[in-house]
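Alright, structures below, take your time with them.
The two complexes that follow have subunit A in common; it is paired with subunit B in the first and with subunit C in the second.
So, the complex of A and B:
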């Protein structure tokens, strides 16, 4: 199947979610799952941000990129620490979409950027999630 | 003079290597890796405003810039990129016509040289199996640090058949890969114009430092 690259979607916001206050039980569960043996009291491990589940993971009206896709990695820029009780808001946009060719043929890449802020409007994280399609 | 002609910094989407980290690594590895400079060849892009002179002065290494573009004959390194070249060719296009690109870049003051020609799909050898040879190729990357077993070896026949010049590059995307393969020039190369002239004129060879690095480890 041919890969369809429609760059008109770049910059479009597809999700805005305000999450319930961060609970100590969530922090403990994440720390245990990720092998964090000694989390600071009341502060989440930095990569806790990737456990946030927004309403929508992908844009609703996105042209079919290919037959199959996979997670091609994340870049996370960290800001203010996450503390128990913080109310986090995630805003997700299509950051980039492009095509490249590799040993195995053409591939499409979709980069979804999620900006995470807290109730004080402090930047908590910028997450670039890269998806590969072919 | 020894230059690594094929490198990617964190300006490329698939590399996490800052340019300064490459330079620090080369300074640290100087006795093993006698590299005098690198050429940044970011994927599918050209930033006319990038300026690495401060880093060159700080580390005493030459930093030149080119680009790695994608064509219907595989990936191609372009050296001597200028406004005329970027006006004529959209570097983000992954299907650039190689038969047009290679002579046009030469006419516009640069040189376009196929890289990792031994790789499946994105190498020149694979394309020559079902398409006619390209006109105007002066040199190919005979030694690529990212190639798998057999891929560099495959290029030797291509060079023998077509008389291409042979150069080398690390194709580094990670700091510790910088300089593992490079090109030794008989003449001094100080500018990108020098590099274009040297590649067009001959007097260079690929050089492989991997065995030396393995011995040290």
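So, the complex of A and C:
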């Protein structure tokens, strides 16, 4: 299947979600499942931030990029810790889109950036997710 | 954990290998993580569903590999604050396969707010096949 690279979408915002307050039960379930310990009472493990689910995971306009994508990698800059009761907001944009040719043919890469802030407008995390399409 | 596993901060330097984690993820653990992390992909829940997507069987979410890296840092450098974490998912990690999570300090920067350590990370098979590679930055507690 041909890969369509449309760089005009770079920089476009495709989701803005304010999440319900972080619950202790969510933090406990995540810590138990991941094996990570909580840094302190009422503070979530560092990678808890990747469990936030926004309204829209992918930009609608990229439906023709290729077949279903695979998670190729992730980079997270961590800021203020997430505490139980925090109200987090995620803003997602298309950060980059490019094509590479590997041994198996052309591959499209889409980098989605999600900026996470808390109710005090403190930066909690910047997450760059690289999706690969064939 | 013994003192041998966690040397004093001032003794940590470039080339220090973090005490590795050795574990085997079970299918149930992978499902539990996918549920807790709100990852509904069928590939994380059953072999059959994963095979329909062209995968060899149930796979672990990439985010679980990130969590394993975080766990390595926090276990090997107790008291450190993770400030950055990155991973490249080269080969899907699958339940039932013994794996080793390793890390090595590649840079050390001394600051007034506590030393900052850069680490190279890898999740590999017991035969040494590299499934996930990564890097992390971790800050030691500020000196008193």
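Everything below uses one rule, namely that the second predicted complex is superposed on the first by the 129 of 134 C-alpha atoms of A that agree within 3 Å, B and C clash if a C-alpha of one lies under 4 Å from a C-alpha of the other, contacts with A are read in each partner's own complex, and residues count from 1 in each chain.
Note that in this section a contact is a pair of C-beta atoms (placed from the backbone, for glycine too) under 8 Å apart; a residue touches a chain by one contact, two chains touch by 3 or more.
The shown structure was predicted, so the numbers you read here are calculated from the model rather than taken from an experiment.
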So if we stack both complexes on subunit A, do subunit B and subunit C clash, or do they fit? fit
Which partner chains sit in contact with A:40 here, subunit B, subunit C, both or neither? Use first/second/both/neither. neither
Count the residues of subunit A touched by subunit B and by subunit C, then name the partner with the higher count. C
Pick one for A:23: touches subunit B only (first), subunit C only (second), both, or neither. neither
After lining up the shared chain so the two structures overlap, which partner does A:103 touch, if you call subunit B first and subunit C second: first, second, both or neither? first
Please work out whether A:87 is in contact with subunit B alone, subunit C alone, both, or neither, and reply first, second, both or neither. neither
Quick check on the superposed model: minimum Cα to Cα separation from subunit B to subunit C, whole Å please. 5
Show me the subunit A residues, by the header's touch rule, that subunit B contacts in one structure and subunit C contacts in the other. none
Which of the residues in subunit A come into contact with subunit C in the complex? 26, 29-30, 32-37, 39, 45-47, 50-53, 68, 70-78
If we count contacts the way the header does, which residues on subunit A are in touch with subunit B in the complex? 96, 98-106, 109, 130
Can you check the complex and tell me which residues of subunit B touch subunit A? 13, 43-44, 70, 75, 92, 94, 119-122
Interface with subunit A, subunit C side, in the complex: residues 29, 32-33, 35-38, 53, 61-64, 66-68, 70-71, 74, 81-89
